[in-house]
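Multiple structures are listed underneath, in structure tokens.
One chain, chain A, appears in both complexes that follow, with chain B as partner in the first and chain C in the second.
The block that comes next holds the complex of A and B.
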């Protein structure tokens, strides 16, 4: 069980943004943080790993206190049992794949686990190569294996798959799912990819400007717009044209540009750039703002 | 007959200075690269001062500070039994201060240029700051380390003003090559001056060439 209560003023390009998070994660769950860039997802992972200190709050993991602002407890990253996979992998360039994993061993740890991990991510043939000679997907597997050497309780994945092509992505999702189950991990993923989230996670938290605006299972949270409408699409408003009686809203849906006639009351809250839902209800297309 | 003493003394001075600078420079550069302390700009300025200050200014103040009539010089003299003016030990200390920026700046910018994830990844893997520095950070800034070592060494060889101010011209003690050259020219012994100068010229050329070859990766290309 992980109890997170984090408060921090994050410095962003637009000034200070308050991050206010209160979540509980059950042991063994696969949880995803979803949201726009700059919403604070990565900061949450960094606070959990001890790389960033909250201003206030508490981090309790399986009944041990990692951070508590009231008692000034703040465990160093070295003392926290987490595995962290960075967005750009952060493999040590001067070490071979195997050395990268061996470096992660703790003092009296048996090196037998290295062999097992190398087999698991299928890097046996590449183990004596330096990271720079590997492809993105291979580096990713090394990073995943390295994060597991110390047998962490929690695995933190910071958009680990964003730089990979779709095929590689699907393959690595399988690796991640496999290690999550095999090592009985509690995994927290930061991701932008809805397909990936639905495939991997038990629970998803949607972040917006430092706050969690929605939580639940991926299908509940990410596909909640499926209503009784005969057809529905989401798109982006690219133009709003005022005509005499009505307005014409031009919406980009996928790669198609669609023109929709709207009443004045419907366009009141609409701006160019808004994400909208376009749905048909009893032959009348309706248009309504969803974000 | 040429006296090899000044040349040997020069290299002895450069070697000792460089070794001490490696030991002092790495922690100082580490602190400067990562500290968020408010006094950091002041320390940075002090470290860089020898780059712009005329060597004679540095030499003059060291002379004043090291002199047995000053409180500091007297204290060193009485408690450690070291006389720092007109002595080899004094030259070593002066050279360390004089060449400090040449060691610290390459290492500092090398460290600052590394992705911070290397450090963070190492901490998360349970490694101490010390282990991280020696096993991860320093091996990844080898060119910067080499530059620091070689520039400090070469810069110490090229010292003149500081040595003249606090070392004087004592054979076997403070008469380094640059002083010897000046001395020979004063005595109109142009031939000897030329020999010393040529040797220094050749040595410094090859030292610097080695740095550029290694850091430019030319040696690796040849090896392939």
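The block that comes next holds the complex of A and C.
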């Protein structure tokens, strides 16, 4: 359980903006902070990591106090079990992939975990190469592995995939989900990509000018569709095919492939890989007993 | 998807079903939903709501008839017709805005529909989705 109570005057171009956040995050959850630039999302991650001090508040992680303004408790970043990943990979250019990971080990830490991480994000063949010879997606995989070297309890992801193309982004999302589950992490993501948020997170908090204005599951909060459809699923677009005056959109929902007829105006903004809501009224589907 | 905006004018509830009328001047659209004001807070008289229905669910008639079960009937004029081999799309200018319908090209030919034809677009109550 992570209890965050953070209060700070943030300096912005428009003057000081008060950040007031009180949230509880259950251990093992994948939580996303969503909101406009300057709403305070990155500041929250930085305060949790110990890179920025709140004016007032308390950070309690699994019953251990990381920060408490009343008792002047403030653990140093290296004492907090946090892994951080940014959009900028920030890898050391003169070191190989493996060396970049080893450099992140804490003193006296066994290097055995490095091998496991290399396998986990499938960097085995690239481990002796320098970052400049890798693609953006591969470098970001190194950054993800590096964030996990010190076996954090919390993984903080600050728009880590926003610079990658769709295909690469989808792949990295799978790696992130894999490590989140494998290492039993509590993950906090800052993202603007709705599809990504729906795919990855259990819970979303929407921030506006330093305050949380809405919280809930991604479909509740982001699709915001109070809709009378009772037959409703989220899926991923895998094909779009034009047929005469309509288009056939193929969507992967769980393990099932379904097809939906759509109009030209509806597919204009639709791309392969997009997460979509597929909805119909309860009156349309037919039901038949199998066997 | 055809999307129109209006205000809820009437709600008739029985069990977990509700027949909801939405006023989109000057027409009342009726939709049957498995929601009641108790299960969905957007079901409130006067509330602004979107009425959604798929193009492929819009039935077209060239003559209006009272002997038909379809409750939502909107008269208009075909302004655009795009004919395919099997399916055709028509845009109808109505009092509530443009409504798009996709029907078979056979039906277009049978009804002799061209741009300028006066038609009535009809939608079954169970094909209408409500969304806030």
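The definition used in the following text is that the second predicted complex is superposed on the first by the 226 of 291 C-alpha atoms of A that agree within 3 Å, B and C clash if a C-alpha of one lies under 4 Å from a C-alpha of the other, contacts with A are read in each partner's own complex, and residues count from 1 in each chain.
The rule we apply is simple: contacts are C-beta pairs under 8 Å (C-beta built on N, C-alpha and C of every residue); 3 or more make two chains touch, one makes a residue touch a chain.
Treat the numbers as computed from the prediction; the structure is a model and nothing was measured.
Enquirer: Once chain A of both complexes is superposed, is A:106 in touch with chain B (first), chain C (second), both, or neither?
Expert: first
Enquirer: In the overlaid three-chain picture, which partner chain does A:246 touch, first (chain B) or second (chain C), both, or neither?
Expert: second
Enquirer: Who does A:205 touch here: chain B (first), chain C (second), both, or neither?
Expert: Once the two structures are laid over each other on A, A:205 reaches no partner at all.
Enquirer: Applying the document's definition of touch, where does A:76 land relative to chain B and chain C: first, second, both, or neither?
Expert: In the superposition, A:76 touches chain B alone.
Enquirer: Have a look at where A:169 lands relative to chain B and chain C in the superposition and call it first, second, both or neither.
Expert: neither
Enquirer: Determine, under the contact definition given at the top, whether A:180 touches first (chain B), second (chain C), both, or neither.
Expert: In the superposition, A:180 touches no partner, neither chain B nor chain C.
Enquirer: For A:263, is the partner it touches chain B (first), chain C (second), both, or none of the two (neither)?
Expert: Touch status of A:263: second partner only.
Enquirer: Quick check on the output: what are the common chain A residues between the chain B footprint and the chain C footprint?
Expert: none
Enquirer: Quick check: in the complex, which residue numbers of chain B touch chain A?
Expert: 115, 117-118, 120-128, 135-136, 139-140
Enquirer: Please give the residue numbers of chain A that touch chain B in the complex, ascending.
Expert: Against chain B, the touching part of chain A is residues 49-51, 76-78, 80, 82-84, 86, 88, 90, 92-94, 103-104, 106, 146, 149-150.
Enquirer: Considering only the defined contacts, which chain A positions touch chain C in the complex?
Expert: The touching residues are 225-230, 243-246, 261, 263, 266, 279, 281-284.
Enquirer: Spell out the part of chain C that touches chain A in their complex, as residue ranges.
Expert: Interface residues on the chain C side: 1, 31-35, 40-42, 54-56, 82-89, 100, 102, 126-127, 129-132.
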